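Quick heads-up: structures coming right below.
Shared between the two complexes below is chain A, which pairs with chain B and chain C, respectively.
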Partner chain A sequence: MKKNRNVGIIGVGQSVYSSHREEVNQPEMINEAVVEALESAGLTIDDVDCIVHGNMELFEMVHQPDLWHTLGTGALGKESLRVTTGGTTGATLVAAADHLVASGLHDVVLAIGFEKLQEGHTTGGITNMADPLWGRQLQTGALTGMTAAQMIEEFGEERAKKVAMKYRILMDQHAMKNHKAHRRLGLSPDQADELMENSPQLVGELRMIHMCSQSDGACAMVFASEEKATALCDQPAWIKDHVTAHREEMFCIFGDAPVLSTHRYAARKLYQRCGITNPREEIDLFEMYDPSSWWGSDWLREFLLLEGDEHLKMIENDEIAMDGAFPVNPSGGVIASNPIGATAMVRVAEAALQIMGRAGEHQVPKTVNQALASGFGGTMWTVLTLLTRQVPW
Partner chain B sequence: MGLLTKATRFFKKYQAPSAGAPEEETEPLVRLNQVLSIPQRFATGPVMGKFLNAFKEKRILANKCPQCGRLQLPPREICAECRVRATEWVEVGPEGVIATPDITYYASPDPLTGETRETPYISAHFLLKGCKDHETLWHELKMTDFDKVKRGAKVRPVWSEKRVGAITDIKYFEIIE
Partner chain C sequence: MPSDFDTSDCYTIPGKLALPYTYFAGRVGSRFITTLRDRHKIMGVRCDHCDMVLVPPRQTCERCLRDLSDQWCEVGTRGEVVNYTVVRYPDRHQPRPVPFVLAMIRLEGADTPIVHLLEEIAPEQVVIGMAVEAVFAVKTTATIRDIDHFKPCDS
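Here is the complex of A and B:
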């Protein structure tokens, strides 16, 4: 691994996330995030060399939304790129901005992810990822009960359901401390039993309470070269590395044989390149793209290269709580807020805020030297990003 | 659709920070509602075309990677893992077993028709005769007693009377009692 030059995150901005941002249109909503990101970086739009823009393809049925959004992004007369890689869009926006700055092509890049899910149909939109000749007649967006079924088979119904609800309630407790989060339900642990039985079923044992929201919102981040970042910001969050792992269409992972997940594959590759031998010890915090509390619980095992029921214990023992040994999603995660084209970027942005010490009420009570952020998309693929407090290379 | 409509009342609507401020004379917000209808045509290509055409004769064809030997269902032009053309054809099924079932309660739109689906419905990955490991076919399972919907349950396809070379030529699979 060799990087041409270091890249620092020096500004983060987020709109408020909500199910209905009907009081603003798309450019106005994006502008909220852009203004906050520039203010937090101490820059004006004149200081930005290039703008990278992305969301889910055609979710709002607007072709080339970046043109309309120029009003809110400030891209007029600047170089601009559009990135759209499904669920991973936000993480790919970060990767693209990192490449643009690391290459030496630009010194300051503004990346923007957004979604206004109320203006389209989320599940209808995601269903279009399936092959139109085969599978689209069955696909239900990103909803599936298979992980729940697998966890129940592996760990027994009672333990699996309890862990998924524990995870869900922990994430809500985190979201309660994040005033920008969409769903802040104020759940308490004593509601777990009632919710796991009475929350409406979506698919199998995946219930409404387990699933992520459909949110409106935007996130913007400012990336700068080492020289600029050091001059402009007391504590940038540095991009050490990122790995994207794709797979072919989801034809071959649902039978009776072991599956190597792209999460585990990407994690192995990232840790190897960055010399991490014990991720639980060496990484201080993880912002995970957790579309449901079943996936969130199950995927801990993959990302941390664990075996057996170690991941369940981490949830049962509160290790993943904000003040635990390995905090996961102090922001409340995707279950709390999911403006899809921004969602994977929010993971990196929140991890960066924790390193910079700017997360406010949901800042974890320890120094974050190294943070991990994941993106997840479509046919089960992964983008993993590693951020550091020290200049990495 | 009822479930979600009901559920949204649990989620608070965002209130702009100015919401509590003294009321100004403002114009009401306008929201435009539109329903789109878009005609689409999809080319099958020769490989998927062969697979779909065989449905007319009630046959299910997989193709085989010459390098790793795995079957692909539905067949694809190449094996993505070995990056070689998959040229050998193998007839599989028609009977098989359930590998992974999923019972869907959430009523979502089918983008191919624009119609909202009837729920609940059961989709499953089926391991047909002659297939192993992950060589499954994803299709619908006929609505039945949920207790019977288990891994390993034996199934057979139920074919449409009029078959046109589409995945829907198999109406669904049903459990063999």
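Here is the complex of A and C:
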């Protein structure tokens, strides 16, 4: 691995996340995030060389949104690029911005992810991902009960259900400290038993309470070359590395290819390249793309290369809480806020804010020297990004 | 070009995508539409920094990115044709039977043109620079089609 030059995150902006943003149109909502990101970087739009824009294809039933969003993004007369890689779009936007700056092509890049899920039909859009001959007539969108079934089989019904619900309540407690989060329910641990039984079932033991929201919102981030980042920002969050891995579903995930989690594959590769031998010790914080509390619980094992029930213990003993040894999603995560084209970017943005010490009320009570962020999308598409407090290369 | 492909027993899958949507017009777009609908007035926004009146109105000036959402000004319902085209192919998504004229019209007091239908004139008689005025729809749809079309007028 060789990087041409270092890239720092020097500004982060987020709109408020909500189920409905009737008072703003798409460019207006994006502009909220852009204005905040530029202010946070101490820049004006004139200082930006290139705009990278992304969201889910088909979700708002719009074509080439980057062009008419120029009103909100400030891309007029600038170089620009649109990225659309499904659920991982936000993380791929970060990867693209990193490449554009690291290559030397641009010094300052503004990346923007957005979604207004209330304006479209999410399942209608997602279903078109499937192969028209083999999958499209069978495909049901993004909900799956497989992980719940697997965890119940491996660890027993009582323990698995308790862990998933504890994860859910912890994430809500985190979201309560993030005033931009969409769902802040004020759950308390003594509600766990009642929710496990009475929350409506979606697929198997995946219940409504476990599942992420559908949100409207936008996120914007400013990336700068080492020279500019150092001059403009007291503490940038540096991009050390990122790894992308994905698999096709009909012939691959459900076929007879060997089962290998893209999460574990990407994590192994990332740690190997960056010399990390004990991720749980060497990484200070993890912003995970956790679409449900079953997935969030299960995927800890994959991302941290754990075996057995270590990941369950991390949840049971509060290790992943905001003030725990390995904080996961101090922002409240995806279960709290999920504007899909922005969601994976928000993971990197929130990890960056923690390194920069700018996370406000949900800032973790320790210095974050190294933070991990994951993106997830169909089908089994993983982007893992590693950020550092020190200049990495 | 080869044309002798063997397509016997080749199966094609007919498909149809249903992608319903709702668009939130935002405060600026909503005020434009409600003013058009209720008062038959056309509103723009003024950017003092760029010294321009922008129609359709927008929250931010795309040139300088300043917030213009409270810089409202009324523009005329008359204007001039700055360019036009004649649509000659029929399709069910077209707003009118063909042929019809789509014109870019700069309204009095505005610096930017809007696109709309130009009617009550034969396509071959349309010229750039001609004066036109808005004809409002009899029945509102709360869309840009509350202007039914533009027609020629005295300059």
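Here is the rule we use: the second predicted complex is superposed on the first by the 384 of 393 C-alpha atoms of A that agree within 3 Å, B and C clash if a C-alpha of one lies under 4 Å from a C-alpha of the other, contacts with A are read in each partner's own complex, and residues count from 1 in each chain.
Keep in mind that, in the parts below, a contact is a pair of C-beta atoms (placed from the backbone, for glycine too) under 8 Å apart; a residue touches a chain by one contact, two chains touch by 3 or more.
Just so you know, these numbers come straight off a predicted model, no measurement behind them.
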{"item": "Touched partner set for A:251, first chain B, second chain C, both or neither", "value": "first"}
{"item": "Touched partner set for A:116, first chain B, second chain C, both or neither", "value": "second"}
{"item": "Touched partner set for A:213, first chain B, second chain C, both or neither", "value": "first"}
{"item": "Partner chain(s) touched by A:146 [first = chain B, second = chain C, both, neither]", "value": "first"}
{"item": "First, second, both or neither for A:25, with chain B first and chain C second", "value": "second"}
{"item": "Dominant contact partner of chain A by residue count, chain C or chain B", "value": "B"}
{"item": "Contacts of A:74 with chain B and chain C, given as first, second, both or neither", "value": "second"}
{"item": "Contacts of A:201 with chain B and chain C, given as first, second, both or neither", "value": "first"}
{"item": "Chain B versus chain C as contact partner of A:138, first or second or both or neither", "value": "first"}
{"item": "Touching partner for A:330 - first (chain B), second (chain C), both, neither", "value": "neither"}
{"item": "Touching both chain C and chain B, counted on chain A across the two superposed complexes", "value": "21-23, 61, 121, 124, 128, 132-133, 136"}
{"item": "In the complex with chain B, residue positions of chain A that touch it", "value": "16, 18-23, 61, 121, 123-124, 127-128, 131-138, 140-141, 143-146, 149, 182-183, 185, 200-204, 208, 213, 248-249, 251-257, 259"}
{"item": "Interfacial residue positions of chain B with respect to chain A in the complex", "value": "3, 7-8, 10-11, 13-14, 16, 29, 31, 36, 40, 42, 44, 48, 52, 70, 72-74, 76, 80-81, 99-106, 108-112, 123, 125, 127, 132-136, 138-140, 151, 166-168"}
{"item": "List of chain A residues in touch with chain C within their complex", "value": "21-28, 31, 34, 44-45, 58, 60-62, 70-72, 74, 76, 116, 118-121, 124-125, 128, 132-133, 136"}
{"item": "In the complex, chain C residues that touch chain A", "value": "13, 15, 17-29, 58-60, 62-65"}
